[in-house]
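Listed below are the structures to be examined.
Note that chain A is present in both complexes that follow, paired respectively with chain B and with chain C.
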Partner chain A sequence: MDVFKDKLLSSFIVFENQLNGQKKQPFHQKRRDAIDVFEQKGFPTIKDEEWKYTNLKPLFNKDFNVFHPGEDSLEFSDIRRFFLSESDTYKIVFINGIFASWLSSTTHQNYDICTFSAALERHRDVIDKYVGTIARNDESLTALNTSFAKEGAFINIPDGKVVDRPIEILFFTTNSDNNTFIQPRNLVVVGKNAECCIVERHQSLGKQLTVNNSVTEVMAHAGAQVTYHKIQNDDDNASLIDSTTVKQERDSKVTVHTFSFGGKITRNNLEFDLTEAGAEAHLYGVSILDKRQLVDNHTIVNHMVPNCYSNELYKGIYDDNARGVFNGKIHVHPHAVKTNAFQENNNLLLSDKASIDTKPQLEIYADDVKCSHGCTIGQLDEDALFYLRQRGIGVKEAQALLMLAFTTDALKEIKIPELKTKLNRLIARKLNVNLDFNL
Partner chain B sequence: MLKIKNLHASIDGTEILKGIDLEVKPGEVHAIMGPNGSGKSTLSSVIAGREDYEITQGSIEFVGEDIMDLSPEERAHMGLFLSFQYPVEIPGVSVTNFLKTAINESRKGRGLEPMPAKDMLKAMREKMALLEMDKSFMSRSINEGFSGGEKKRNEIFQMAMLEPKLAILDETDSGLDIDALRIVASGVNKLRKKDNAIVVITHYQRLLDHIVPDKVHVLFNGKIVKSGDKSLALELESKGYDWIKEELTA
Partner chain C sequence: MDILKEVTNSDYKYGFYTKIDSDKAPKGLNEDIIRFISAKKEEPEWMLEWRLDAFRQWQKMAEPNWAHVKYTKPNYQDISYYSAPKKKKTLDSLDEVDPELLKTFEKLGISLDEQKRLSGVAVDVVVDSVSVKTTFREKLAEMGIIFCAISDAIKEYPELVKKYIGTVVPKSDNFFAALNSAVFTDGSFCYIPKGVKCPMELSTYFRINEAGTGQFERTLLIADEGSYVSYLEGCTAPMRDENQLHAAVVELVALDDAEIKYSTVQNWYPGDKEGKGGVFNFVTKRGICERNAKISWTQVETGSAVTWKYPSCILKGDNSIGEFYSVAVTNNYQQADTGTKMIHLGRNTKSTIISKGICAGNSEGSYRGLVKIGPRAQNARNFSECDSLLMGNACGSHTFPYIEIKNKTAKVEHEATTSKIGEDQLFYCNQRGIPTEEAIALIVNGYCKDVLNQLPMEFAVEAQKLLEVSLEGSVG
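Entry: the complex of A and B
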């Protein structure tokens, strides 16, 4: 890992030199501070409590390209299948970390749905006001992302505006010769009583290794409503470290759905700061993994003030040698009375070699709160399986139906019909059955 | 239709069925009665192919074929249906979707094309009317939040949709009030044909007032110890099972 760390540190100097005028912007100081944090801390190791079950060493012992040439040969028809809709969504599409304008459909009317790089030019005030103020700057991988932060999605919804269609953010990699390391940086600012709905996906189309170190900051102002879906169904050569931090003001409601169906290593850091009364956070996760795939879900909900609500439900199904980690922390700060916080993590293990490490963590420093958590690990119900088979349904299909039934609670809040159809297909394919589930 | 000879079955080394002989012919209704723990539910599970049980001796033939090595779904495709004493709740899978899957999987098993959606819907409406079920059933998750009566009615609804050659009704009467019992029983009676057969497993006579059996068997301690016509059921109802136990030990 040290070799790649050194490469990144020297790459930063190259990167800085390429920035030209941007070097003088206040934002660049944040990059400089961040690279210092990364230099000091380096990559996390399994000695780090938060990374106990996920070893990045085998991943970062390899060499990765940090700078990427443009790629313009990709046509929409090649990647049509990864989108929700051809025309009824806004799209911000990146190939190897570089914005692909011909595949995108952005807007500046009523709201800004565009790229981070464009915002660095046009919306410096927004960038300076928010970037790095929500994310955890002391975490080495977040710091690493910040130090190279230049491209990603930028979504800025003014007060009272409701985005009329879903926003799709897609990151493709097409590497056939070299391992690729990309670091998308996304900023989502949703104004007072404004609303938007986002679907994010990372997809490797190349043959070599890909690592995405992605950081997303979400600011939900008073009364804002944000729904964020993350679809993770990448190839076995692709890994993702996603750090998403959400800050919520009074009466805002933010829902994050995380669907992990593939990828070599998927680490999801999801953290909420509920900073004003009436804020409501919903966290739903569905992981269905097999082979040697690993998903590590780390969530933190910070109840910082009285009268906030959070609800977390994560479901995991692990087959073959797949591994799951769930670490869910609810932190109720002193004075955050009348907190309502719920957390549940249910898992199915389908093979003797599959495993799950699940750790609910409640830190409660206030009285008069309502908090609950629970976790289960089990197998498919033999009685239910026999029932379905007695009705003529084959073993594989019966198992798939029961697995779907198991995940259904965590899927029922999805509101976009096209997304339901897409997930239905993804799950059916993942379970290797041809069934119509009707989510 | 169903021919069982000298059937012995055990679970975890404990013998539950100790030599069952039973023959059911097309068009017949058989009732199997007996006290708790006599092996009634084991018998139905073994016929349906539950893999937890080990068959140590004997044979089971269904429509002229040895089915002992067949999976539960293969037996179902041949036309065997078991109405469960405790139907399983499956959240997230609607009754419609479940039946569509079950029917089309059975058709596939028999080498038939999937049933057109229109025909399926029409059949569902008809059979629901037969069992006086509300249309809202179709979109509800299977058995989730169903009352005891609704679960049993749903079992018979599935039986009506799957049109089995042999239906085993395992304690279909338990958990039913008088009205539900009447509806379920009349539904079953309407499904009776010359070429299908029904085995009713029950503790009590009351279901047999509605579904009149041709033969009644008493299962006790893993064996059929007495067989007779419907009057045997009435006799059991008035005298209980003790006299049979006494007869056996005498």
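Entry: the complex of A and C
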């Protein structure tokens, strides 16, 4: 890992020199501070309590390309299948970390749905106000992302505006001779009583190793409503480290759905700060893994003030040699009374080689609270299977039906019909059955 | 708020100090001290070597800091590692015991008199980690049960001790276990032969008396095939401004079809209202279950300034069962990081964890547990329930359950809740003329009932009283 770390540190100097004028902007100081943090901390190891079950060493022992050439041969028809809709969504598309304007449909009308690099030019005030203030800068991989932060999605919705269609953010990586390391940086600012709905996806199109170290900051002002979907169904050579931090003000409601269906290593750091009364956070996760895939979900909900609500539901199905990790923490700060927090994690193990490590935590410093968590690990119910088979349903289909039923609680809150259809197809393919009905 | 103040005023009634002449080793820890302890105990050569090896390993280890507790680390060179009530000669009967010592135990409500027969409890008393008296030794010997101080066992039954010591908790298991292995001065030893059901409760009573000493006792309990034993342990210490260190090791071995029930009522001095003084209770307790064996840990933790304790079960044999029942009460500035480890290795193994935490004042209570199902543990079953009750808004309660599953046939359930005493429950009691004080005692007792029911009767009464004292006047 040290070799790659050194490469990153020297790449930072090269990166700095490419910035030209931007070097003098106040934002660049944040990058410099962040690279110092990364230099000091390095990549996390399994000795870190937060990385106990996920070893990054085999991943970062390899060499990666940090800078990527532009790619313009990709046509929309090649990648149409990864989109929700051809025309009914806003799209921000990146290829190898570089914005692909011909595949995107952005807007500056009523609200800004564009790129981080464009915002660095046009919306410096917004960038300076929010970037780095929500994310955990002391976390080394977040710091690494901050130090190279230049490109990604930028969504800024002014007070009272409702975005009329879903926003799709897609990150593609194409074939390359060397392994690919990209670091998207996203910022989502949703003003008072504004609303938006986002679908994010990372997709590798090449055969080389790919690592995405993605950081997203979401600011939900008073009364804002944000729904964020993450589809993680990548190639077996692709890994994703996704750190998403959400800050919520009074009466805002933020829902994050995480669907992990594939990828070599998928690590989700999802953290919520509920900073004003009435804030509501919903976290849903569905992981269906097989082969040698690993998904590691780390969530933290910080109840910092009284009268906030959080609800977390994660479901996991693990087959073959797949590994699941769940680490959910509810942190109730002193005086955050009348907190209502709930957390549930259910897992199914389908094979002898699959394993699950789960650690649901409560850290509570206030007395008048209602906090609970539940966690189960088990198998499909024999009786239910028998019931279905008795009625002429094949083993595979019966199992798939039960698994679908198992995940359905975590899927029912999805509001976009196209997304439902898409997930339905993904799950069916993952379970290797034809489902003749929709979720 | 007056009532809340009252909580902190509830007194520690065991905080007296008895002036007993004692032999104390000079402060500090080095190989010479270990040789000194070993010589004092007239130990065989292999035991000394074993200690020295543990000490060398300890020197290479760092004190753990992952627990959710804050304390000033003890200076291990500023502790006296050996302190024993001075004996003039070997004791043959009770009449020869120092009368001061006898008075101490009367104050503690423990009679060393063989009248104790009536209640049917055999007691081994350990003061400043030296065993002073074991009652009923002869009577138990008739059934083949060995119950004596571990230092006697090392001399009298070396083959048994040699065979089992360090097999459950290895010397280098952790920092405190290694320290204990190097310097332990006494403790209890118990062996139940094949097929014997021990007719009475065996009990060890620990007391730290001298200032500037640490207590390092070691308990080794072996239940041979098909045997049964119920074992109790209790502890108190004088009130002192300094922090005293207690680092014990308990090893349980349950061979095929054996059953061990191990109960603890821990009431070390918790420090004063400002959090000054008190005992650091850093204990390693672990049991190993062979085929069809069962180990059940029950603990009521009300004392100690800092508790770091995870009684564990290694379910090695097929069909073995592990149980853990715990009530941990923290008040004032007490901190407790406690829980259990259930390690399932054999087939059809079962474990149950019931943990009840109660936090008041400025205290912090944590449950930290591990449930691990190995790849060969077919049909393993675990149920865990960890509840916390908070009283007052300055305390904290935490849950850190680790669940690691490597077998698809495992069924594991874990649930935890945190809340305060329900206002409607209190109101219900008040309505029926039960004053708030009593209502709280009632609710807390009900809340802990699952655990208290597991205690042997003599202890259940004591534990219930202890709960009342610890939480006197507390209102959520």
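Methods note: the second predicted complex is superposed on the first by the 437 of 439 C-alpha atoms of A that agree within 3 Å, B and C clash if a C-alpha of one lies under 4 Å from a C-alpha of the other, contacts with A are read in each partner's own complex, and residues count from 1 in each chain.
Convention: a contact is a pair of C-beta atoms (placed from the backbone, for glycine too) under 8 Å apart; a residue touches a chain by one contact, two chains touch by 3 or more.
Note that the structure is predicted; figures quoted are calculated from it, not measured.
> Sticking to the clash and touch definitions up top, decide whether chain B and chain C on chain A clash or fit.
They fit: once the shared chain is superposed, the two partners occupy separate space.
> Looking at the overlay, does A:E397 come into contact with chain B only (first), chain C only (second), both, or neither?
Touch partner of A:E397: chain B, not chain C.
> Touching A:F386, do we find chain B (first), chain C (second), both, or neither?
first
> A:D409 contacts which: chain B (first), chain C (second), both, neither?
A:D409 contacts chain B only, not chain C.
> Considering the aligned complexes, could you tell me the closest Cα pair distance between chain B and chain C in angstrom?
15
> Of all the chain A residues, which ones make contact with chain B and with chain C?
none
> For chain A, which residues count as touching chain C in their complex?
Chain A residues touching chain C: 49, 334-335, 337, 347, 349-352, 354-379.
> So in the complex, the part of chain A that touches chain B is made up of which residues?
Within the complex, chain A contacts chain B at residues 381-384, 386-395, 397-398, 401-402, 404-409, 411, 435-438.
> Across the complex, what residues on chain C touch chain A?
Within the complex, chain C contacts chain A at residues 66, 375, 388, 390-420, 476.
> For the complex, give me every residue of chain B touching chain A.
So the residues of chain B touching chain A come out as 45, 48-52, 71-73, 75-77, 81-82, 84, 86-88, 90-94, 97-98, 100-103, 105-106, 109, 141, 158, 162.
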